[in-house]
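Read from first to last, the chains carry the letters A, B, C, D and E; within each, the first residue is number 1.
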Amino acid sequence: MTASTLAPIQSALHSAGPQAASIEHLWWVFFWICVVVYVITIAFFFIAAIRGRRRAEAVDNPAHDRRLGIFVSTCAAVTIATLFGLLFSSVATGNAIGTFGKNKPGQIEIEVTGHQWWWEVKYPDALAPANQITDANEIHIPIHTPVLLRLDTRDVIHSLWIPNLHGKRDLIPGRVNKFWIQADRPGVYRGQCAEFCGYQHAHMALTVVAESSADFLKWKSHMGEGAPTPMTPAQLRGQQVFLSAPCAKCHNILGLDAYGTLGPDLTHFRSRPTLAAGQLLNTRGNLAGWIMNAPAIKPGTTMPPNQLSGQEMSDLLAYLETLR
Amino acid sequence: MTQRVLDVAALTEGTADSRSLIWWGNLAMLAIEGTMFAMAMATYLYLRSTNLDWPPSTVPKPDLLMPTINTVMLLLSCIPAFIIDRASITKNMLPIRICQALSIAVGLLFLYIQYAVMVPSLGYKWSSHAYGSVVWVIIGMHTLHMVAATGETALLFLYSLFKPVLKKHLLDFRCTAVYWYFVALVWVPFYFIIFIEPWMQRKGS
Amino acid sequence: MVGATRRVRVRPQWLGGQAILLIVLLCAGCKAKTPDNKTFPFLQRYSANPSEKTDLVKLEGEDGQWIMPAKNYASTRFSGLNQINTGNVKNLKVAWTFSTGSDRGEEAAPIVVNNTMYIVTPFPNTLYALDLTQPGAPAKWSYKPKDMNNSAKGVACCDWVNRGCVYANGKIFFNTLDGKTAAVNAQTGDEVWVSQVADINRGESITMAPLVVKNKVLVGDSGGEFGVRGSLTALDSETGKQVWKAYSTGPDKDCLIGPGFHPFYDSDKGQDLGVKTWPPDAWKIGGGTTWGWISYDPALDLIYYGTGNPGPWNPEQRPGDNKWTCGMFARRPDTGEAVWAYQWSPHDVYDHDGINELLLLDLPINGQLRKVVVRPERNGYVYVLDRTTGQVLSANPFAFITSSTGVDLKTGRLQPVKEKAPGVGRVTRMICPPAPGAKDWEPSAYSPVTKLLYIPHANLCEDAEGLSANYIAGTPYVGSNVKMYAGPGGHRGEFDAWDPVAGKKIWTIKENFPLWSGTVATAGNVVFYGTMEGWFKAIDARTGQLLWQFKCGSGIIGQPITYQGPDGKQYVSILSGVGGWAGAIVAGQLDPHDGTAALGFVNAMSDLPQATTKGGMLYTFALP
Amino acid sequence: MTELAVLPPDFAKEAAIMEKTWASKPGVIGWLSETGHKQIGLRYIVTAFLFFLAGGIEAALMRIQLLKPENHFLGPDAYNQIFTMHGSTMMFLFAVPIMEGFGVYLVPLMLGTHNVAFPKLNAFGYYIYLFGGLFLYTMFLLHAAPQAGWFSYVPLAGPQYSPGKGVDTWAQMITFTEVSGLVVAVELVVTTFKQRCPGMSLNRIPLFVWSMIVVSFMIIFAMPAVMIASGYLSLDRLVGTHLYNRSEGGDPLLYQHMFWFFGHPEVYIIFIPGLGFVSSILTAFTGRKIYGYTAMVSTLVVTAFLGFSVWVHHMFATGLPQLGESFFTAASLMIVLPTGVQIFCWIATIWSGRFRIATPVMYVIGFFLVFIVGGLTGVMLASIPIDWQVHDTYFVVAHFHYVLIGGALFPLFGAFHFWFPKWTGRMYSEVMGQISFWLLLIGFNVTFFPMHVLGLYGMPRRVYTYQPGMRWGNLNVLASAGAVFMALSVLTMIINFLVSRRAGRVAGANPWNADTLEWSLPSPPPVYNYLHVPTVSGLNAVWDAAPDQPYVTGMRFDRREILITRVLDAEPDHTEQLPGHSPWPFVLSCTMCIGLWGAIFFAWWFTIGAVLSGIALIGWFWPSDRELEDHILREKGELGGLELGMPEPVREEMP
Amino acid sequence: MKRSLALLVILAVVACHRERRPLAPAAVDSQRPNPLRMGDLQPGPKQLAATGINNPYEGNAYAISEGQRLFAQYNCSGCHFHGGGGIGPPLMDAEWIYGSSPVNIFTTISEGRPNGMPSYGGHIPVYQIWQLTTYVRALGGFEPKGATSPRSEEMMAKRAEEPK
């Protein structure tokens, strides 16, 4: 029923790109230093406690305090040194990540727009706007290529987080945040909204498909094509159902008289692995259930329940099957 | 066994000067309110920095005459406040009463000019844009303080007319005077924000 | 769509036969003084090419008649009549009036042909023929288009207006709001044919006055706020059948762009720019409607018309130049083939429809007489283009502009101010000119006597914010919140006299309300226009001095005309009846509490209901 | 210094007069007119603890919901309300007020004075806090709870995305609790600076009092920020201002800046009193003064200063300019240093002290084990790149629970046990105390340690559910299991206290042989605290007291007279009379409720409430005739000291 | 005591209704009501209104907010703007061409009206029409003020000096 089996790894400790890798590296540096600090401090504490337990009388004289003073100042000095070390490594990593991607060739620009509760993904083309590609809840990127994400939102603050590739960056109304990612290993990575954004904050996921440049270009040119013309009578009837039912009020299908902008673009949506922003596997059964009564699956969603007869539903599904 | 004691019977009871509790409480309250005004100021500066068009180009250049008169008048009202402050130490009631009456008059006149002349001619409301919001918030906050300062002075004035004036009341006079300084001085930066800035080179144009 | 006609006899008691009428008409025609063409050299261009001098060309040149809203193919709105002049205009009196029975905006120009005046009312677009030979000009007949679709009112962005009818070949042609073009027998009021051109279920409607060129009725559509795909249709004037249809967006073959297409600027050259300059499929709902004015140059055999705004208003949904919206085409009237095109505002972000009137003049530019087209454009510039090539010769601002810094004459491109572009989720303030532009559809006039262009226009600015627009066929597709208000100075209207050669303003009259009425210039050196309070004014064409004014029953947003009556006297007519986009607050009884109402115009017009009330009435004036 | 040849007289008569002077009044009105600091302090503590239990129940509900993936126990609507209530309750209705309660209760005792500086204000603060909390919970029960999270980010909390009255309620609750926090801060500052007993110069102030001073100053400068932030939110929601509306020129980030300018110091406001508890407990249980008193005090002050310069590290993911961010990283890292120095000083103290073990100390051990983990994860969060990964994930949830539970709750529970005998006069059950400690320690770590891993494995916070196959299931089960232990721990502690309050061993004045002044009083302390204002001659007042430590005489017993001393050296300066019972604080808080709650529904209620509050304030300040006469007589010098048969004291300067 | 309890119950009922958030409306949870009579005049004795269906979301803050969203997304605002009208009539004044009762407004949205109002019935779900109805009623000032929000995250449409 759910996207369990296909759910890819979503973890900050399984980096697949240079940024996530350097953060992961930094994290382990911090982790081990902190472990050492913790162990030493607690050891001091327990040694002190055991010594204190054994004492019959508290020691409180200037000479003793001077020795304690040496202990405390040494510890403080070591702390300062450690902190400076950490600060340096952190700032160095931050700078490396921050300047990443600038002046590198082969950049790709993607606009990611947050909606309650799904992601709109656009591949704009400033020179030839006709080549713009619109997708939803998945980002395809070629590997070894810096990708510039422009993050914007249509409603509340969201936060894009693909832990295997990078940390998170907020999508804030009225300001477009720029954000570089890069994948070095082909694969499918899961991302999720990380800023509380309302009822379905829990179900606002997306997948990142990192693939070779050739595959990416193939995908891109496929996405640029309009939806295929329906062939069978059922598909044709389904197309009519799509146009006359509420569907076309919100959804866009290239090549069809449906230009809705409220919901995800459906031109090739059957090629996406999941439905409902990562909540459901993109299977025919799930799709039928989703169309029938989306709010029951995802309370608060803007996708309304639809009252379709069995025939209409099967026709519609037959048509939607073609949108690959 | 002997017991040593510290006898304090000779100490005075109560004081009208800065050693008293109320004086300190008053200062702490001013610190809090000063922080709030600072936050309002910070809001203004922050929004100024994030807006390309500030004040919005639809904001008319305000009329300066009455607001300036009002501001100068408010600043001058620190003089009676100062006289109240000083005269309270010696409990010289005549100047206190005169200056209190003066302060009340200035307070009421300031509020009148503010709301009968200045606010109606602003040309925007709190709901017009964020600039309007922040200006109205500032004016509103200051008005609350002005009302409080005037009301407090009026209350003390009336009270002292009918009831005996004690040391604790002298302290109240002084604290009110300090509060008056605060309310008057805190208006100055806001005067510059609201009335002078739109006349300067606008951001974004 | 030709159906049975239904003639409505307004005066069943009418006794005289048609023959009598004809005689009277002929006599009147004889009496009519035709102006001496030598006085007005620009009119001689037709004589230069006598083969082109069709019946219509002859008629449009006659100053006693007024056969098309723009007066002539060159759209000068200049009448050679000079009975009414600066000296006697102060004596002007109402000669007769006629109620249209409509309470919506009267934007139409009456036309006068053969001693009959024809007026089209707003929806339901009744056509009245008024007999000018009778005292008080009683109605001869009226024609009510059948099966008018009431729902069309739901797709008319800016009141249910109609901008007039046109006469040709014994027929009156006009468009109806629900997307039809009707041809009616000018004599009898019998329906000749009705042709469905636009589909309201796609948000299309028609408000413009058609133009007949070489037996083709040119019809443009409205609906730039409804995500329509704009087009210009040529119908056969005899049958109503479509001859050609040129879309404003889409592939070259839909735009009738072929090998004969030679735009002047490089940015307009290339294949299928109507597709490539749009995001995928966006051109299909991209606007570029053609609801404005068409001009025709018989010598060059080119028609000129402008295209409207790209849809939606929110520019972020349509990156690219959005060709061929907010521009103009020069086309061959026979085939519709495009000869050149130019975009006033590539990637328009303010709804600056490029549909205003195009005045075809021959002007000395840099000492050389050139065939130009003069266009006071919504974006605030008076353009002078070479009408043979499409080259911009000059573009000078006639209004207060913050949205652009000028027009680069090298590339022909408008230089927009980035900070003033409205974005989604951000209110941009002080955008001047606003959505209706420095000057909307209300046409200007050119007097060859004074060599000045008379531009009625608005002085407004706006705050605007983009919103993401959702397309549902038949519903608005705008994506913008707008609030307009008066521009610098606080007055909302201006009437300018403009020297198109020097490119500068000669004088200006300030008006309280935006000017939404057209204007007419006469050889008597009088210029007429109306205001939204209802004042109909006569101005000295040279000095701008107010010579005479009359307060009409309702605000004026119509187009004045002047003609010679059968009695040989010069008359001036104007339809009063407030409405349109600017007057929607009165016509639609809108609520001024909502500043964004009527696309933001209500914010600027909240005091209009106190200044005028609605009701359509035709006023005709004459000297006593 | 006069040496009296005889033992002090029997003070029974004076005590009786004092009892009468300071006594609470009977009846409901008497209860509502109460202005005694111990009463009010206890009310704070009990009320805050009840809110803590409510917050705990909410936490338990969340843990049940997260027990398994795609659970349908709570829907998103209920879950969002509950986690918002949990966070708001714990931060605003529990953590800060309970620390303030301790401050109100203990500070005057530790300073050797009779009451706080402004007793009526103190009572007012309590009612306004109580009403704020009750209002929030009333609305919760009416299904109108806020559901935008405890930090209510706009625009989600704005008028468009949070319809209904929930967020208005939240914002108003903030105003109420912050007003309460501010008045407590003001009176604690003034009390500490002006009412210390003679001899308690600045360098002899107990560390707990220092921590409360530092906290009070932080409150004075931090809480106005959140009041402004929530006030703007209210205005945006109620009257249509645009302060956070990006399209009209406002900025959602403005809210975040102002909220965190308060929000980060808030964390220190919560755990700095905890540090004070630790110092108090460790002093008692090591039998020596805290090593490095000056260092301890100065690090507290430094922490307070640094606390105001790190707010941006809550906003690293918003995409601010890099250079600025680096500064905040540095500041956030450097804040570790003062806290670290304190920890080292404590270790040094234990090292050289005679370390005794009892439940309070166990909690201090728990504090060390837990809080240091929180501090170190805080170091990680200060690093921008790491923060990008773990911000707003369960890692952060784990981090701040380690900091707040470790830094505040463990010391607080220690403090409960430590001062329990002082409040009740009886000892708690040591066995039960130990059991509840171990349950808490184990339960806490089982609950929250896995959350670190969950965060790193990609689980964002505030999700009402998660999907199977995300590898989060088992760890969530573990976390939920740990919550059971924590619940049991709190239950054990409550039972322990309820039973021991009646049946515990009688404790005596100073069961721990602790050092601060309150331990010189009987348990529980009399209503007037000190019959004679004491004097001190060292940092550890009780330990350093001479057998014949002087006390202050010459003050009145029949009036609520207190001794005002000088700020630095605590020399006696003058005396002042404190007001007694007054119903006006209660009345004023009621009128403020009318104004501020009413404003949520109808703007004019604000004006009505303001006018009523003005009337209440006049009533508040209007002196009674008796008070007036008293003053007049005293000023004329006609009212002498009471003739109580005391030996005629001689004025003597303090050494 | 009893009185305060009763007060609390009333409060609860009022507030609960305002704050109810039907996040998952059942697919068939509301039916389309019969249209109301458009005029007041009836031949013969007056019959009672036939419809038994009331607006399920009357006074509900969430429904008003959802209605506001839908009002923009289904392009109602394209004609009616923020209630001031334009292509369609204003929705914030006292004049209601086709009646202002919830069922009237529901019918207007669902069945359309002859002068240009499109019929949304069948194109959008019934519960959304009710949400729109509630929002439109709020624009007209018929819904309790406590349930409506004073602004959205967009340009302020209303002028502050006007209470509407």
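Throughout what follows, a residue touches a chain if its C-beta (ideal position, glycine included) is under 8 Å from a C-beta of that chain, and two chains touch if they have at least 3 such contacts.
Only a predicted model underlies this, so the values are computations on that prediction, with no experimental measurement involved.
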Those chains which touch subunit E and also touch subunit A: C, D
Minimum number of chain-to-chain touching steps separating subunit B from subunit E: 1
Farthest-lying chain, centroid of Cα atoms versus that of subunit C: D
Length of the line joining the C-alpha centres of subunit A and subunit B, rounded to whole Å: 51
Separation of subunit C from subunit D, taking each centre as the mean of its C-alpha atoms, in whole Å: 74
Chain centre separation in whole Å, for subunit E relative to subunit D (CA means): 47
For subunit D, residues contacting two or more additional chains: 75-77, 155, 161, 239-240, 242, 245-249, 251, 253
Two or more partner chains touched - positions in subunit C: 425-427, 463, 465, 469-470, 472
Subunit B residues counted as touching two or more neighbouring chains: 53, 56, 126-129
Pairwise chain contacts under the document criterion: A-C, A-D, A-E, B-C, B-D, B-E, C-D, C-E, D-E
Interfacial residue positions of subunit A with respect to subunit E in the complex: 155, 173, 199, 246, 249-250, 262, 292-293, 295-296, 299-300, 302, 304-307
In the complex, subunit A residues that touch subunit D: 2-7, 9-13, 20, 22-23, 26-27, 30-31, 34, 37-38, 41-42, 44-45, 47-49, 51-53, 55-60, 64-65, 68-69, 71-72, 75-76, 79-80, 83, 86-87, 90-91, 93-95, 97-98, 116, 155-157, 159, 161, 163, 166-170, 172-175, 177-179, 190, 192-203, 278-279, 299-300
Interface residues, subunit A side, partner subunit C - complex: 124, 126, 128-134, 154, 173-174, 224, 226, 248-250, 252, 254-255, 257, 259-262
Complex contact set, residues of subunit B against subunit E: 125-129
Touching residues on subunit D, where the partner in the complex is subunit B: 1-5, 7-8, 117-118, 121, 182, 185-187, 189-190, 193-195, 198, 220-221, 223-225, 227-228, 232, 235, 239-243, 245, 248-251, 253-254, 257-258, 532, 535, 547-555, 561, 563-564, 566, 572-577, 614, 618, 628, 631-632, 634-635, 641, 649-652, 654
